[in-house]
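Two complexes, one shared chain (subunit A), two partners (subunit B, subunit C).
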Partner chain A sequence: MWQVFRANLKGIFRDRVFLGILVAATIFPLIPSVSSLSMRQVTELSITLSFSLLTFILLLLAIFLGGTSLWKDIERRYTFSIAGLPLTRGQYLLGKFAAIAVFLLLVSLVLGLLLLMTVYVTSILHPPIRPVVWGNLVLAVLFHCLKYILLVSFTFLFSTVSTSFFLPIFGTIAVFFVGTASQQVFDFLQSPSGQKLPVLLQQIATGLYYIVPNFTAFDLNVNAIYALDVPLNGIGLTLLYFIVYLVIILSCASFLFARRELN
Partner chain B sequence: MKKLVLVGLVLLLYVSVVVPFTAYMQNKPFVEKLGYVPSAATLRTTSLDQQYLVSSTLIMKVLFYYGSLFEAQKNHIDIPPNYDGMVDVIETAVKLDPYNMDGYYFAQAILTWDNRRIERANALLEYGMKYRDWDFYLPFFAGFNAAYFLKDYPTAAKYYQRAADLTGYALFSKLAGRYMYEAGKTELAIVYLKTMLASTHDETIRQSFQLRLAALEETRRAEVARDLFIAEQGRHPKSLAELEQTGTLDFPLVDPYGGKFFLDETGQVRTTSKFSFAGAKKSRQ
Partner chain C sequence: MNVIEIENLSKTFRGKRRALVQALQSMSLTIDQGETFGFLGPNGAGKSTTIKIIMGLIRPTTGIARLMGMDASHSAARAKVGFLPENPAFYDFLTAEEYLRFVARIFGLSGKALNQQLERVLSLLDLQEARRRPIRGYSKGMVQRLGLAQALIHDPEVLILDEPMSGLDPVGRALVKQVLLELRSQGKTIFFSTHITSDVEVICDRVGVIVKGKMQAIERVEDVLLRQTSGYDIHVCHPRTGLHKTVFSEAKTLPEIIVSSRDEGFEVIKLEPRRQNLESFFLDIVKSNHE
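Take a look at the complex of A and B:
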């Protein structure tokens, strides 16, 4: 599994994905000047824009890197050769997943550092009313990274049953939409307007809420932008949720991949 | 050579299209420029994890629109502003990001002096106070609106007290107390505008406030001269010209909006511009 992980991580670097990200990251130095358009919250706007850029890059990476990785191996029949290797299909899948997850962590680290530098420059030029809480920024970057690692697990799950790249790519985009909106739908169901909906619909929506991922929990942007306190119990619960959910999705993916007919 | 001519032709074609295209985009009606903005709930769902970016973008959009409008007014081009459209967008933006100070600040700037939608401004500020519970600006704005526009002094005192509690500034405590009754409206507005000016980065808003502040300072100068005249002569002056003739007013009043100052029948200092370029233009016609 270690060798699969190493080979895949090297492959990602060899494909110059990291170089592409660095090119995209050249937008970061422009953020302080764009933020100065704000009337009253220049530093806050720079944090908003920096996080938008970071999450956008991570989203693209998660979908396209995750969505094509396993599918490409199946399509090119590389997976056919793993039958002769001393590792199970599950280990092969986990090795590939770990390579992308580590790559996302590395990208988050680099982009996170650029984000911190951008915010630091802006906060020197335009000191905010509330001082920047740097710990919140780091936590927000970390949790965004975890969110996209979780999303990558879905690309693998879809790749195990798909015969084309459509399901891994578009299925994951759909999961991202649903996972980002699930908490709002749940909150609406709890509101007086939501209670007026047919009971069956309420029950189906509530059931789905527990099944689909909840990406809202990983969004600490508001805490980072406005220096609000981060609830520690919430952080702990979200971390646990991430681990448990990831284990479930990867187990399902391994189970399905082990039973897939590879020609 | 043929290739060169072809490239030149394509470039020429592009330039001949892009020039009228840019002019068309620039001269689009303001309502179209603002565009249709879906409800906050829809936007929150569709913007995924970019809701703070969407909120900031909406506010920027309105700000640019207002900026172009302000420039047009300065150049004496009378375009009726779409205040409702602007405020709808701002309200949507602060629902997406209830901490966004730009939204409250801008709404305060356009809803009060220009539009006189004071209740709507204060409702928005009240909403913001629930989230930005550390920020004294929101109760400060709401207090000013209540005192200056609504003349609701108990409500104003409540807001100023909140601002005082958050900052410990003596000025707000004064405003929360008797100061408001003793000080004239003009002085209150000058204090308010100076506070607003001290904390804005945006050039359009800054210029707008500076103009109003200059006009108010001229008004205050006239009021001080009028009061001095009454104290010395024991009667009201007939006009501002009399204040100049007697030397009570040391130099002529200048309305930066282009209007003319005068004393109304109650002895209050007024200007024909009513603190707007459009008002000055109307008075000249």
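Take a look at the complex of A and C:
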């Protein structure tokens, strides 16, 4: 598994497309000046913009790296040469997954540093009313990264049953949107006006809420922007949620991949 | 121990629009340790399908496939096996050297032993010059040779090769033939599929012929060749007139014909067995299946 991980990580670093996506990070230095166009809450705005850029890059990377990883191996018939080695399919899959997860962590580290620098520059130029809590920013970046790693596991799950990249890519995009909106929809359903909806629709929405991961929990942007305290037991729960969810999805993916016919 | 055991194997593919393709039909085969087995069959006969099942890439519809005494789906069964897939493709962003190291480490090699094996297979398959170039830029024949190199890097007991000669130039073919003969003399078990009957003749102990998913014949190569010797071509020359002549004789009448040519004043310059080689044996089986 370790070897598959290493080889695939090399592959990601040697792939121009993904390095190209990282070029988007050159926008970071523009953020302080763009934010200063707004006369109030300049630092708050720069934090918001920085997080938007960071999550956008991570989302692109997660979906395209994850969605094409296994698919490319199958499409280019690398699977024959690798599945013929004394590896279990599970080791093969987890090795590939780990490569992307570590890559996303490294990218988050680099982008996170850029984000901190950007916010620092802005906060010097336009001191905010509430001082920036740097720990919150770091935590927020970390949880965004975890969110996208979880999303990658879905691209793998879909890849194990799909013959094209269509399901892995678009299925995962769907999961992302549903997972991001699910908390709001769920809250809405609990409200009086939500209760008036047809029962079937309510049940479907509630079902999706429990099946699709709840990405809202990973979003600490508000805490980072307004320097609010991060509830420790809350993020502890989210971390646990992440681990349990990831283990379940990867186990399913490994199980399905082991049964997959590699033709 | 039986290296490969196949019992009553069938494989049905579900193609487009639910059409069923019966790629293998109740096939059975046993390969002993130390044996060299050539697997012959026309295009689409089911050779690659059989090999994929043995390597655990696909599962049989019915029947059992065992490798090294274990069910073919076990990854541990492949620990002492070198495998070359049909038209192989390898992580093309790596160089040959990186890829070989990757494979070697998965087989548990490291340190000095790994480096030794790496040098050995690189020079064995004439990849020394290209070793630091990305596989992306390799020609078909170079990829094929890399395929053999990665199958040999851990000095495996068993080799399973799907068309090892495909895509190679005459020099490469001769080289691979030499390598296979060398492995055979070391007592390795070799199972390979091919279309080239003459390679089977030179390399193999046994041959199996598969047509339309059914094993039609399994024979010792020696037996086939002996049975197929139909007679001899006798080349003679008259020393005084310089007249050249070729006479055909069956095995039984050979001594008489030689004596009678001598009596006519001819000298025998060459004696050639006229073999109906493995090719005709193979073609006969394929033909009889078409009828």
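The criterion applied here is as follows: the second predicted complex is superposed on the first by the 255 of 263 C-alpha atoms of A that agree within 3 Å, B and C clash if a C-alpha of one lies under 4 Å from a C-alpha of the other, contacts with A are read in each partner's own complex, and residues count from 1 in each chain.
FYI, a residue touches a chain if its C-beta (ideal position, glycine included) is under 8 Å from a C-beta of that chain, and two chains touch if they have at least 3 such contacts.
The shown structure was predicted, so the numbers you read here are calculated from the model rather than taken from an experiment.
A.B. asks: With both complexes superposed on chain A, which partner does A:244 reach: first (subunit B), second (subunit C), both or neither?
C.D. replies: Touch partners of A:244: none, neither subunit B nor subunit C.
A.B. asks: One more residue to check, A:124. First (subunit B), second (subunit C), both or neither?
C.D. replies: After superposition on chain A, A:124 lies in contact with neither partner.
A.B. asks: Can A:6 be said to touch subunit B (first), subunit C (second), both, or neither?
C.D. replies: second
A.B. asks: May I ask you to decide whether A:85 touches subunit B, subunit C, both, or neither, giving the answer as first, second, both or neither?
C.D. replies: Touch status of A:85: second partner only.
A.B. asks: Which partner chains sit in contact with A:197 here, subunit B, subunit C, both or neither? Use first/second/both/neither.
C.D. replies: The answer is neither, since A:197 touches no partner chain.
A.B. asks: Let me test your reading of the model: by the given contact rule, A:261 touches which partner, first (subunit B), second (subunit C), both or neither?
C.D. replies: Second partner only.
A.B. asks: Would you mind writing out the residues of subunit B in touch with subunit A in their complex?
C.D. replies: 41, 44-45, 48-50, 52-53, 56, 60, 63, 97, 99-102, 105-106, 134-135, 199-202, 205
A.B. asks: Spell out the part of subunit C that touches subunit A in their complex, as residue ranges.
C.D. replies: Against subunit A, subunit C makes touches at 13, 52, 55-59, 75-79, 81, 83, 85-94, 98, 102-103, 105-107, 147, 150.
A.B. asks: Under the stated contact criterion, what part of subunit A meets subunit B in this complex?
C.D. replies: 36-42, 44-45, 48-49, 51-52, 55-56, 126, 129-130, 144, 147, 176-177, 180-181, 184, 215, 219, 221-222, 225-226
A.B. asks: Taking the complex as given, what residues does subunit A use to touch subunit C?
C.D. replies: Contact set of subunit A toward subunit C: 3-4, 6-7, 10-11, 14-15, 76-81, 83-88, 91, 259, 261-263.
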